[in-house]
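Would you mind keeping the following structure in view while I ask a few things?
Chain IDs A, B, C, D and E follow the sequence of writing; residue 1 opens each chain.
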Amino acid sequence: MAWYQLESQDNAQLDELAAKFKLHPLHIEDCRAHGGRIKIDMMPDYLFVTLKPLHIVEEEIAESPLHIFTGRDFCITIGDMQCAPVREAMERAWRAGSDTPPAKIIYLILDTIVDAYFLMVDHLDDRIDLIEDDVLDNPTPKILESIFENKRQLINLRRIIVATRDIGMHLQRDSGDLVEASLYPFFRDVYDHLLRLADTIDTLRDLLNNTLDVYLSTVANRTNQVMKVLTVLSTIALPALVISSIYGMNLKGLPFLERDYGVLIVGGMMFASTVFLLVLLRLFRWL
Amino acid sequence: MAWYQLESQDNAQLDELAAKFKLHPLHIEDCRAHGGRIKIDMMPDYLFVTLKPLHIVEEEIAESPLHIFTGRDFCITIGDMQCAPVREAMERAWRAGSDTPPAKIIYLILDTIVDAYFLMVDHLDDRIDLIEDDVLDNPTPKILESIFENKRQLINLRRIIVATRDIGMHLQRDSGDLVEASLYPFFRDVYDHLLRLADTIDTLRDLLNNTLDVYLSTVANRTNQVMKVLTVLSTIALPALVISSIYGMNLKGLPFLERDYGVLIVGGMMFASTVFLLVLLRLFRWL
Amino acid sequence: MAWYQLESQDNAQLDELAAKFKLHPLHIEDCRAHGGRIKIDMMPDYLFVTLKPLHIVEEEIAESPLHIFTGRDFCITIGDMQCAPVREAMERAWRAGSDTPPAKIIYLILDTIVDAYFLMVDHLDDRIDLIEDDVLDNPTPKILESIFENKRQLINLRRIIVATRDIGMHLQRDSGDLVEASLYPFFRDVYDHLLRLADTIDTLRDLLNNTLDVYLSTVANRTNQVMKVLTVLSTIALPALVISSIYGMNLKGLPFLERDYGVLIVGGMMFASTVFLLVLLRLFRWL
Amino acid sequence: MAWYQLESQDNAQLDELAAKFKLHPLHIEDCRAHGGRIKIDMMPDYLFVTLKPLHIVEEEIAESPLHIFTGRDFCITIGDMQCAPVREAMERAWRAGSDTPPAKIIYLILDTIVDAYFLMVDHLDDRIDLIEDDVLDNPTPKILESIFENKRQLINLRRIIVATRDIGMHLQRDSGDLVEASLYPFFRDVYDHLLRLADTIDTLRDLLNNTLDVYLSTVANRTNQVMKVLTVLSTIALPALVISSIYGMNLKGLPFLERDYGVLIVGGMMFASTVFLLVLLRLFRWL
Amino acid sequence: MAWYQLESQDNAQLDELAAKFKLHPLHIEDCRAHGGRIKIDMMPDYLFVTLKPLHIVEEEIAESPLHIFTGRDFCITIGDMQCAPVREAMERAWRAGSDTPPAKIIYLILDTIVDAYFLMVDHLDDRIDLIEDDVLDNPTPKILESIFENKRQLINLRRIIVATRDIGMHLQRDSGDLVEASLYPFFRDVYDHLLRLADTIDTLRDLLNNTLDVYLSTVANRTNQVMKVLTVLSTIALPALVISSIYGMNLKGLPFLERDYGVLIVGGMMFASTVFLLVLLRLFRWL
């Protein structure tokens, strides 16, 4: 079996191969389009599959598309070998030898790539664990950003997993001549893994939504507390301000003005009215 | 096969055609009603389909209804050729030649229009990407408007896609004499596309809801911060105000009144009480 | 066939008819109970159906129950002919003639009443369109009331549609001797309409929830803005207040007190401290 | 047939009966455990069913467990006859006579108890209607409490109905020797009622969530309004305070100090600055 | 039958057993990995099952993984006998005797562990009951923490139950040679228990979300009330402050300045303006 591995979809050799193996122009177009859709096309003479292997680049989950054409006597793969799961998938497929039937190659590659999805989910799981620990102790806007960023990644990851799951579903039933029935259980196994992954992502989203609720409730609580502090401050200051302003007026006839202990009496009035207000607020449970 | 393309449902020729091909009066009524429902009706002698091709007019997604009557020896289409997907669908159908069976015509048109739905979804996807980038950096009420506007468009787009999906579902099983069983896989393919579209729209809605949560949390955070600023301002100002008001009273006997360094002592009292309050607030983690 | 139409379930003639046609006492009880449940009962000798036709009374959606007993040689209907869909349904059934089989009568009435449901949904659709236009421009508590009122109506409408859908489902399969198999496609058609209606209501609810989110976000935004205004006001006023209070003290030794340009210097201090605070708030992005 | 009705599961007679009819020890244990689970166990010689009849005690929905052992020639029921639906169910079963087959007895009791569920749902429906009327006019914390209390009851009621529904599902298909196939339609009828009940409860929950949204939006609106009042108050007071404080300073050289109409001029300044601020706030739509 | 119980997966004896019974290296790897996934693998010669028994350690739900290899003539279990459900499961399996077929052993262990899940759910149920009682009387941030902590535990518990449910589903149908068809009903019973558990957890989550809504609404209410208190305080203090400040100005010509009852008149003005403001606020329902 002839095996061709191209590093990039822009390689001119792709056109030669397309001519040689009569690949459908639409599939070549799919390869050339950057960021193609996850899909499987079953042609009479070959299978065309586009996958989105995922790896972690600088703490971020990155996609690296992989296109596979596999017929009875040839296999063309287009993908970046720098990406770990692509490399592992290719090596596993090569190890299987040159007699491997096309659908088996698809299985080996698909299975390796789905295994890498588990790593991505675990990666997000760890980060969500960290967020859970942080959010109760120290809810900062930075944690909020982290929550939303992880939520976005979960949504994107789910989109890829669901699309890949559809491939798994297609391949486990009446999939034409190129897919042997004996491979159905293998594809069902991959399909089960993808179902489990989608389930786990839903759980992670629940956990993340929980931390968001924690964050928002804590902010609401704090706003409430800041309001209370402000109100207590005002309660303490306002009576003193009002009374001292009154005694600052240039009017005649204010009581205690001429007395020797006027200051003590007025100070007592301030203190008493503040205490009275605080007791009142506490009594009616307003604070 | 006789082929009639009318630009508008108000064309008087429609009545002649209705008489000639014995079209059901209810269907003519459906065409005449502006903004008709997406539907398929399978008559013994012809198929009647109403679709809602979508195109972008001034950055907005606009509908342009298309009605199709297709029988064994005639095909009447009513739609605005100014609308790109309508034009493309018609051209594709015409290219297929005059022997094309009715259901095949439906398929060619439906498939082209569903392809245009993908463009609409991509258009919204791009806009949501922009919103995602903006919302964390600079959450303004304008972004809020944009979020809700896109949400509305997603809801409407979903409504159209789900209604079109029902047509796809109808056409892939026991669909009467006019639909050949050999076309079922084609309609299933269209149906799969529509399922995928509905799925993608759900993902986009999740992403949009995420940005809405980002926006609202940021606003809550900012309100909280504004409250804190106000409280700190009050904490700084109130002791100074109270003390200076007290020393503005026309009472006799206030301490330090007659001393030379009275100003320094009273200023120190103001400063000390403010610092004391701020330390207190920080200590009890009230701010 | 004998046909009886009673305007009210309290009509004494109902008892005579019940005796004559051996109607089950429980069914008579169902009729007499005001606001009966939507249901179908298939007896060996007759069908008993309760429906809830809807019409608009003073801008509000109102229910007007309709009970139908239909056997091989009689048909008794109890409903208010003032209600438009009841009247239309009865007229359509009467036009069909006296040989109409019982299930056909049920179909004709059910179909007319379901058509009227579409009017109700369109009515709500129009009102939600109005709310959508208003909520961004001018969010008032009155719009809020309108949102909740329409939501309530959608919930109630959905309840009626889902209950009617169950009747449609019952009637399209093994429905006993009185329902001819040839009518199954007709009942499936009604059932499809009801499914579509339930779907549309879900979309309308999404749109309504969207407007609610718009409303609440706008209120949150405004509260935030009001807070900022209050804080800016305080920031402007507090330094001036503190400084002028200090210079209002009856203490000796305040600087600039005796200078000629004291007022200008102190005024400059007020202005400078306010500007300093505003710059500080802006710098730390607190406002 | 021997019929035993025990008022309480603690009756010693239960042990005698268990020995006599060879009841499984686990079932006796189930009876003895307070608050047992709703379940059905089909033994070769008898059916064991635990139900949770509901009645209203002091405006609250209360559970009163009912256990039934019914074999070919005996029937043991354990339940509190003080509870209305238990009493009605028992009386209905007794009326059926001593030849009633075991599954028929189960049906008669189950049907009566499910009918009582409808009363509970109607009871909650009425209370939610009252809440709906109150919440717009006069949203108090007491209504909030009522909303949450009713929500809790709906959740609990749903739990019981879903568990009972499972019994109905079990009994309408291949249910062993003790359940005659002729009873399947009866159990399907009960099952349909339980489906309808679960549906109605979901609708009630939607309505209750709607009232909660009304309540919370009204509170948000009011907080917003209180903020505005506070800001307007400050806007009116602050300019007057600042200006009068300035004129209270012991500085020389303040303008208008010595003029006769100084008071009018300064009063005019206060009034002008307040009006200016209010116009500004209105102009920028800050309030 | 040879029976081996290892306390820890790090026991070197595991390697000997793996060699002796030809266990798949991947399964040994699974055992060695801490915190393995819940799964079942059906090999031609043995069944490999990983479960996650749960017990309560210091008021917290803790996992204690249990691995089982069971073939025709051997059974290896790896689990911590300190964990109550592991110990009970093992004892029940041992009691069954050495002739027990492999699938029966799996059933006995699985059933015991699922019974322990019920205890966990009841444990959480009790704690949620306590939260429900507390949250209305005394909503503190501590209750908030408790709500979120229990929500997290419910999410995790659900994850474990759903994964275990998949095992139950696998084992009740075409499960290879090692699982006798006669055991299918037993596994279906376990599966039913797990379905019921998942259902109950969903109900508990609803109840917990209800308490969260109670909490948040109460906080919103209190913030609203604190705002009102602050506004009323300001309403009372501001008029007095403004008027007394005005009378503190060093301007000539203020009315009543020289009058004997000036103080009473000015005091009356303060009182009147405060009352006027409070009446105004009440009249327009702003407070």
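For this structure, a couple of remarks:
Heads up, the rule we're going with is that contacts are C-beta pairs under 8 Å (C-beta built on N, C-alpha and C of every residue); 3 or more make two chains touch, one makes a residue touch a chain.
In this text, all values refer to a predicted model and were calculated from it rather than measured experimentally.
Of all chains in the assembly, those touching subunit B and also subunit D are C. Comparing the contact residues of subunit A and subunit B by number shows a mostly separate set, under half of all numbers used being common to the two copies. Copies subunit A and subunit E of the same sequence differ by a rotation of 70 degrees once their CA atoms are superposed, given in steps of 5. Between subunit A and subunit C, the centres computed from C-alpha atoms are 35 Å apart.
Under the contact definition stated at the top, the residues of subunit B that touch 2 or more other chains are 220, 223, 227, 230, 234, 241, 245, 248-250, 254. Interchain contacts close the chains into one ring where each touches exactly two others, per the touch definition above.
Across the complex, subunit A is touched by residues 132, 136, 196, 199-200, 203, 206-207, 210, 213-214, 217-218, 220-221, 223-224, 227-228, 230-231, 234-235, 238-239, 241-242, 245-246, 248-254, 277, 281, 286-287 of subunit B. Contact residues on subunit B toward subunit C in their complex (touch as defined above): 141, 144-145, 148, 151-152, 155, 158-159, 162-163, 166, 212, 215-216, 219-220, 222-223, 225-227, 229-230, 233-234, 236-237, 240-241, 244-245, 247-250, 254, 256-258, 260-264, 266-267.
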